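Each of the next two complexes has chain A plus one more chain, namely chain B in the first and chain C in the second.
The block that comes next holds the complex of A and B.
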């Protein structure tokens, strides 16, 4: 008897297919779409990056944080302040502003994480809702930093190594690039000690500590990573939109993000991008159903949670697995039939 | 030879319920040490105190001569205290490889950043082969953990704990829920652990396994140690017979 069946080098068809699909989309989408449609697609890509941060905190770590929207807002306002006339700063290097936003929001998230990660489960979620509400109040009321209800307009265009990102097509490529980077980072994270520690915490906190996992600090790091990713998205949003207003960073937006994650699948990278696409693009294509969309999404989420808690990505992977099993069985039968 | 684990006057109470009362014993390297007693005697609580899940109200704990009573649980694990549970607590929705790598993560004690850039660890596979030979079943590391039976998962949890390179393993009812064959394999695995110089402290209700495997036994009742010694000494102790084992004519 073979004691360890050596793992077969499985042909990762799903990964290759996904990669091919992304490549195909990257080539075709800017050719097929333009103007407002491309703008909406870009927004869905941006949300896709943000939802990946939820995959880390919720999908891997099992903690439902709504604070992503607050960090998204902070990133956007830091960039807007540095790259517009709002604070009287002129010709600030946009790439440096992007880095400052990411690092700054990362730092805020770390400090906030030290405070909030002492809480568990529902209490943690409630506390992050509180953070969203406090930030939303500041964003909409405090004029010196956030422009109050008017927001901050006239944000400069992002300049990357001498190339000005101005039109929707250029933004599409920039966002695909960041999506791939953050997606690859998240995928790698799952296979490292950090990812496994988060899975341990999610599945059983008591077992996690007996396996050398510092639950508190690991959660703080996950929360910080969420902040960094959301800060990046905020900065990109400010550059892309040219205007930052408080209505983008409310609790409603946080629930939208959660819906994107749930529809796509809590623990799936491709699924969360798909979820963000569904929640962002569908309302634009189904304008006639605009008043019913929240109802439709709500029902979809309820049904998914009851019948398919792993989201659409879970459905796709289980279907692929079933198909693979059938294929293997058919092959086995064939080879049996050939034997005399 | 110095003891790997020393407990001195450990006390623990939950409200009015006394879970540990003046518990003192030590475990030597390579020794299989049984912790037996009726349900509610405080056996699992004792393991939780040693592994750091619960903090003792008073008393001292030393691991290889170093005081660990104030140390958080995750540091105790890295220091060399391995732990398994009555129901296996493995990663759900993950493959067998990732589940075992959790054990090697403890042994390597690598920082998160370093781990992000390090290559996939396959060094443990050789060590794993040795353990699987005794475990008595074959695995595909890429299989989902849910493909294993309850008994196989329990044995795999012991192996995961072994891969963490512990000085002492706290094993809570390794044979519970296992068929006879699996139970014997689990015990064989513990004997292998001991032969490597790793101490084992284990709770078990199946007396034939305890008596055949342990070098030393502590008997707990209402949080108090009522007897300690070799299996022979313990099985002849009148107090133990009255409190736990029952009289010969009871059979």
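The block that comes next holds the complex of A and C.
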């Protein structure tokens, strides 16, 4: 019974379980699936990493930022420019290109954060939508940098320490690695001073100010972290896909991303990965229902928001809590019965 | 740029600005009274356009019968929208849940319209036509202007005036305003909260639908009309975050900038509008018109 009463230990057990599950999946999935299915699974893993960035900004900070798609696109285009013949650069080190994209996008999002974080709530969201629209217009029109409507093709393969990541299987492992790194980072962030300041700003801004939290800069840093993670995803996407086209980085994608976050659960790391999996993989497996799929999806999202606003992960944790409470009650009853 | 081009761009920009203003007013009304940022507002344009198509083309009703029917169905649609999206979510602990629910609604509406009317763009008749069913032009001093644009502008001005009268002159509007500012106190002095919110929804949704009714002959009727909502968002931010007056000014500005951007920068039309937005955020983060009501702590 101590297992349930001590939250710390329960946390450890659940973390271990999760880790075991991830390991199991990492071993099993590439054996079970191949070809196109694995490609779709890879894409959902990539989205999972991006959704984690939304967990930081929205789940922890309470700010709905749509700019993740724009940062994703920027990262992808920087990498594509460095590692393809589009700009006439040859044999650029791919790992270096990855680092440059991440750092570059991080810088851009820091500057954007300084500009946009002056706004509050919904108007911040609108401003980030503006960023998405400006970026989308340039991505799809400006030829010298972004290839215009044709996009940029022929991006070189990612080379990690002499090992070329080429087939879907090795991409799967690379993505699982990055997902674990970013997931662990997010989980750790929740326990730091920075993470707690973010929670505090979300729950009560006035209180945060009173407690000496620099609201503006904390938000800017959160926005920058989101940008860095999305830039990483963009670079990985460019390497994985070999082609970068402007249709990936539109406002529609941003709303899809938001739905993934909310379906999985706003504050859960495992849930957000699950959400991205549901939104990406389900349309591929239910091809026979193709024309009704988005309709059904919309209905599911609305119903989910009405009945379980914490998403599927919230449902899981509240069920676990209820079960724990019931167990505890049963135990108490037993001990009461024993001592008349 | 010659004078003819200038005038036609001006009229075009004003008319589109009016459509954005209708959307933006609805957005702000919903935000103030119900605290809901409606990401399905752009779909109201499409729904309004499809209903207009259904009455004018499919049912082949004459204009004098189609217009009241359309208006009635817009109001009913607004009430249904409120019952489905607002009522179940009004006590939610997560503000993001409402926003995502409206996103979901937007995709439901878009898919439903595609399933019912097909994915292709449909043409809706112009309100004023010449003999061949094409749009009629008004020609003054060598400058010819499409009647549809003029009518859109007129309808926009009238609706903006009506909203102004409602909120500034009528008792009902003052009640709605009071309920928007402080729900608890309003309910203490006997203002029915639910009714005022229902009226707000009906008006806000209808405004969007009327915008769709007016704009669909020019743009054709399709679900892609919903993308215009992003311009409405931009105008809300430019105009000042909570004021209807500011939203109207912002919308007109967005419409005009967009129209004149088509001359040299047609590919970057979208970018120009949103760069304007970002410049405004830099220079005037509070928007053009400051709200009299401060943010609640």
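Basically, the second predicted complex is superposed on the first by the 318 of 340 C-alpha atoms of A that agree within 3 Å, B and C clash if a C-alpha of one lies under 4 Å from a C-alpha of the other, contacts with A are read in each partner's own complex, and residues count from 1 in each chain.
Please note the rule applied: a contact is a pair of C-beta atoms (placed from the backbone, for glycine too) under 8 Å apart; a residue touches a chain by one contact, two chains touch by 3 or more.
Owing to the predicted nature of the structure, the values given are computational and were not obtained by experimental measurement.
By the touch criterion defined above, A:306 reaches chain C but does not reach chain B.
Of the two partner chains placed by superposition, only chain C is touched by A:129; chain B is not.
Looking at the shared chain after the overlay, A:337 reaches neither chain B nor chain C. Of the two partner chains placed by superposition, only chain B is touched by A:188; chain C is not.
Counting residues of chain A touched by each partner, chain B versus chain C, the larger count belongs to C. Of the two partner chains placed around the shared chain by superposition, chain B is the only one that A:203 touches, whereas chain C remains out of contact. Residues common to the contacts of chain A with chain B and with chain C across the two structures: 206. Across the interface of their complex, chain A is touched by residues 31, 37, 39, 84-85, 88-89, 92-94, 96-101, 103-108, 110-112, 115, 227, 230, 233-234, 236-237, 241, 267-271, 273-275, 277-278, 281-282, 285, 295, 297 of chain C.
Residues 51-53, 72-75, 77-78, 81-83, 85, 89-94, 97-98, 101-103, 105-106, 108-110, 112, 115-116, 118, 120, 125, 128-129, 132-133, 138-142, 164 of chain B touch chain A in their complex. Looking at the complex, you find that chain A touches chain B at residues 1-5, 7-8, 10, 188-189, 191-194, 196-197, 199-200, 203-204, 206-215, 218, 221, 267.
Within the complex formed with chain C, the chain A residues making contact are 58, 64, 115-116, 118-120, 122-123, 125-127, 129-131, 133-134, 136-138, 141, 205-206, 251, 255, 258-259, 262, 266, 291-292, 294-295, 297-302, 305-306, 309-310.
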